[in-house]
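Some structures to go through are shown next.
Okay, so chain A shows up in both of these, paired with chain B first and chain C after.
Here is the complex of A and B:
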């Protein structure tokens, strides 16, 4: 029972922290660029405003357009239940493994891409087309990185991978582990629409991917999509943090261990947010047709990760 | 008599009566009675499969109605499973076909269509029950030829005739390979039963030859690259319920045959057999989806996806054969279970998609996606059916495509337990190819559904489309239920499949552990999951989100125009097209596609700065098909030219040939060994 409660608590925590994480990255980027920047709490205010505004719905749109935000939000939250944020092993660990996580996120992308096409706007179509291209090309890296992790842990279930790395701290610095981390970091940038693949701050339609796809959304629907996107970012950060640097994750459900786990999670999120902020300040956006090169580089890293895991067993 | 043999007689009787009714009665009566016979026979096929699988009945029937050996039928787990595949897709497609073929009335031969439909549906169960080489090969030919006649239904169109010819040639080339394979298996004794082949001891070289011949013969039927050329031609031009059955079941007979020969009759072999199957499977999967992406003909797109999915099935079977050769029976069972599960799933979702595409074709008279759009408003039920099919084939949880692709992934990942260098190279690449395939498939079905059903209609036909008749909706609805049920219940399906495979080729029954009620782990797999719980969770979360928005968020909703940068009056010309949607991937894979481009600009006579019209054409022809088939065709043509000289038209000459052949045969037959 405690397990289930903790599971619910971790999802609520993730939902609460997600907009703040986006705000934190934006604020850090602004400081790095010598701007004052909006406060960290800005995304919360935006969400509150959006939830209170009316929805303008295109007359061309069908029920797909209205259903998509719910599917996107629900599938992302469902992933939140499967990912170990604070403790292992959690009861829902057996409900889905990393492959389920990947395909649940793909389910959201599928519906969002359909919703992009639904109102018949050229921007939406462009965004959908590009988003699906990037998502398809990121799949092999994800799968091979999962292979590398499964090789070490003998399981694709997240709790077991985390548990295995905690039991054997040296595994965290093995070459296979580090290479897989690098590969997944690049995929994370692509999947969550960060620079250099997509620019979350742009408002020039022709260069947008994710923003172009959701251009027709407004009001509460947009709020759900934005919140889901923030949650997806947090989940990817938590995956990177807990799969590769699992220290701090509670192995027992004691109050001390759990508060330590919350602290560790916050530290990991801030470190990764800083890394992304610095990275985004340093690089320019890639042309769309250079993105496959970046993704193939990440694929090679993942392949090397598998090979070295095989060799070093 | 037992229930099983009763069911068998019902199958034969219903199809025979259906075929006779279709041939004998004119108009709607013949059409409906023919379809009723087909539907009843298919349900009996499904029933026989389920009964034999559920009770473990082994039914063996021999009847002296064929020369030399007689007809020999036998049900085991694998054939019972394929009976279910044939029954589900056959029944749904028959119901659909009853209404769909109505628009052929007066234009094409409904008699031949109804009769051949029943013949094909009868040949499928006999095919999987065949227990000797002769029964197997004869039924194979009946199946191929009845499918040929069905493809030829719209016989007055050039593309149909061309497609049917290609199909006939490739399928017979494959048949020749199969005859050779069975003759080698039977060591020259054409009357051999499968039981005799199982116990026969063959030289390793002969076994290898049998396997390669079987891979060619069955691969040609299954549509494995490079023997797939007929498939994207034949499936689009056939009537849609025929496409559904051919894509869902007929090409799966190639899967069945390969499984029967390689695992059951040969009992498995060296690792390279499995490696070869895995390799051609992976290449077929990737090339299939890549060409599907560039296709804007809805049914051709689905046909290319059949190549992709057969590739995924072959990957599962190939992985199973590899593991079996390394002496890892549990993992081998996992691979085969994954392949078979995907076979059943593909029959359901591809059947559903072809039926959906048929409804679109029926309503709009076009297969070209660039002329469709907005159909979700005009054909809401068809749209839901197609959406479920699209999500299932894209392997999205919690539908059935995900369950089986997850198992294929698990089989490939499970291979990591084999400490061998070649595995370290092959398995990650296979995993990556499968992942890229499934990622591209999602992109392709966003295109297929989004361009066809969403946004504004791109032609008058699409704008005036009517929802499909009820029978067509029922056919689709049955397959929707099958897709959902198979997706939610792998914890039920996997043990059943495991027990169906148990004993075949010395495989153990799959052992499955459960936790949380429905979360399952197959022996050999490295992960566990429960699609049922995932689905429940998703439903709960969607409900919760909906409820809290109702309670806390603003509920106002204002209809408005789509944003057009301030431009008022949105038209279908401003929408993204299928070509545009696939453009980024076309550029990225330009090396593979090698598109040809043709640009002609008409300038104004006064100045080159004024353009009167621009015409741009771009086409993609699979270059490797041309590279492979052009030499073969040239060779065949040359040979045919030379053979023609023999055929001088003189009766005396022909009689001489016959005499010479007879003498030579007598000498060969009497030659002392």
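Here is the complex of A and C:
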């Protein structure tokens, strides 16, 4: 029972932290660019504003357009139940493994792409087409990179992968782990629409990927999509943090261990946010047709990770 | 000016009735009246000498002369001009088209047809250019008797070129954009992500600027000229004032000529710095953008110290300048320090391989296409055309100052970026020289009476390219007709050619590297 309560608590924590994480990255980037930047709480204010605003729907929009925000939000929240944020093992570990995680994320992407096409605007279709190109290359890398870890753990269960690395700290610096980390970091940038693949700060419709798909959304629908996108970013950070550097994740459900786990999670999120902010400040956006090259490279990294994990098992 | 004498002889020999009302003005201008049917012969003769058509101006002179006038301005790189005037009877408002001889003529003729109802016979593409779909069919706003009319949607679709075929689709963008920019509609025909055609529909901002000049006193026109395009305050004000001074035959004091160079180069400098930042920002390299805007802000504050206005308004006045170098600020040191700051940002940005990869080979405008469209300014210089009015038609004291005109051949976004960087550096050198040589003395002179119904013009190399103002006053000494030409009028069209075979997400970058004015294009 405690386990289920903890699952619920961890998802609520993730939902609460996610907008702040986006705000933190934006603020760090602003400081790095010699700007004062909006406060970290800005995304919360934006969400509150959007939830209060009326929804404007295109007359061409069908039920897909109205359903998509809920599907995206629900699937991302569901993923929140399946990834180890604070403690392992948890009861939902039995419900879904890494394959479920990967395809739940893809389900959200799929519906967003459909919703981009649905109102028939040129930008939405453009964004959907680009998002599918990126997703088709990113999803396999995501799965294969986590497979590299699963090979070591002998299970595709994310909780068990974390547990196994905690039990065998040396595994964290094995070639398989490091290569998989690099691959997953690139995939994270692509999947969450960050530089050098997509530019979350641009106002130029023609260069957008993620933003182009959601251009037609407004009000609470947009709030749900933005919130889900922030949650997705947090989940990727948590995967990067906890799968590769699992220390701090609670193995027992004692208050001390859990508060330590929350602290560790916060530290990992801040460190990764800083890494992304610095990286995004130093790079420019890739030419669209170079993105597949980057993602192919990440796929090769993931493949090497699996190979080395298999050979060094 | 032996050359101009030969031109005059050749022109007179070529035309059946010869040239009438021939006169030399200011040593290097030949003004004449040509028969309406002989315009092509005039243009052909001048082309043989290497002179190009740079401006066409129509004027409604029905009250005094009983008809319209169309003026043709030809310019030669060796700094001489031929200004030919053609009378157009109101009963048959047509002229002979020069569109197939000079591309700029095709644009001017379409503009004149829309605004004056003077059609160009033999124009290969007589579609409306400036005319808005809401204007009544017989409404020609620059005619003296145009008045105000009811505007109503005529229901006709805009005649975009349709491209059809397997997998080709259209992306309409604008005229309302996500950023705070002026209105323009761009329609892309695309295969996958590759642009195979782009048609721009501009002219959403017809403000009647040229009409607003009419009836004002010449000195009042300066404020209007300064607002033709907000970022080209000095360029347009200087062209306008120089045209008035040419008309009056006034000799501007040396001090004013030097300070005008300082103002014009300050304008070039802050715009090039800002553009560099915005080009970097469009590649996603936002750090360079915020630093360039910091430097721009520094320069704008300096502008305010000089003229009391961040955009340098009020600096240039007819007969001189209405500003002085501040005693407590070392302007040279300040712009040199800003340039050192800028140079550092440029080095950091251009040593980033990801940024360079986005700039190189993107939006290539070939030298041939650039020459064919008569493009001007940094767009021309990035495509291998060595043109710069500061050197070719020296004004103010540019003839006495040393500066390089940077020219790049590749014609891509990178070239247009590098031209800006080089020009910013040259601008600082020009400011240093001009301030160092500024003599004491008066900084403004009285213009004196302006001769009625005579044409005068002036060319100025603004930061975007060559600006031309053409003025005429009436017997009462108020403005009869002012024609404003911003280089955007010719450069916009070339953007479509630079885009061919590029990919859609690179359009904003190409567009930014052109950065043409909507407002200066659509007066």
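To be clear about the criterion, the second predicted complex is superposed on the first by the 313 of 313 C-alpha atoms of A that agree within 3 Å, B and C clash if a C-alpha of one lies under 4 Å from a C-alpha of the other, contacts with A are read in each partner's own complex, and residues count from 1 in each chain.
One rule holds for everything that comes next: a contact is a pair of C-beta atoms (placed from the backbone, for glycine too) under 8 Å apart; a residue touches a chain by one contact, two chains touch by 3 or more.
Note that the coordinates shown come from a computational prediction; the quantities given were computed from them, not determined experimentally.
Contact comparison for chain A: of chain B and chain C, B touches the greater number of residues. Look at A:35: by the touch rule set out above, it reaches chain C but stays clear of chain B.
In the superposition on chain A, A:289 contacts both chain B and chain C. Of the two partner chains placed by superposition, chain B and chain C are both touched by A:122. By the touch criterion stated above, A:207 is placed in contact with chain C alone, chain B being left untouched. When the two complexes are superposed on chain A, the residues of chain A that touch both chain B and chain C are 122-123, 126, 288-289. Interface of chain C with chain A (complex): residues 169-173, 177-179, 193, 280, 282-287, 289-291, 294, 352, 354-355, 357-358, 362, 503-508.
Residue ranges on chain A touching chain B, taken from their complex, read 51-64, 70-71, 73-75, 77-78, 81, 91-92, 94-100, 103-104, 106-107, 109-110, 113-114, 117-126, 128-130, 132-133, 135-140, 142-144, 146-147, 150-151, 154-157, 215-216, 219-220, 223-224, 288-289, 292, 299, 303, 306-307, 310-311, 313. Within the complex formed with chain C, the residues of chain A that make contact are 29, 32-35, 122-123, 126, 195-196, 199, 201-207, 281-290.
Note for the complex: chain B touches chain A at residues 373-374, 376-377, 383, 387, 391, 394-397, 402, 406, 409-410, 413, 416, 419, 424, 427-429, 431-436, 438-440, 442-443, 445-447, 449-451, 453-456, 515-516, 519, 526-530, 533-534, 537-538, 541-542, 545-546, 549, 552-554, 556-564, 570, 572, 574-576, 580-585, 587-588.
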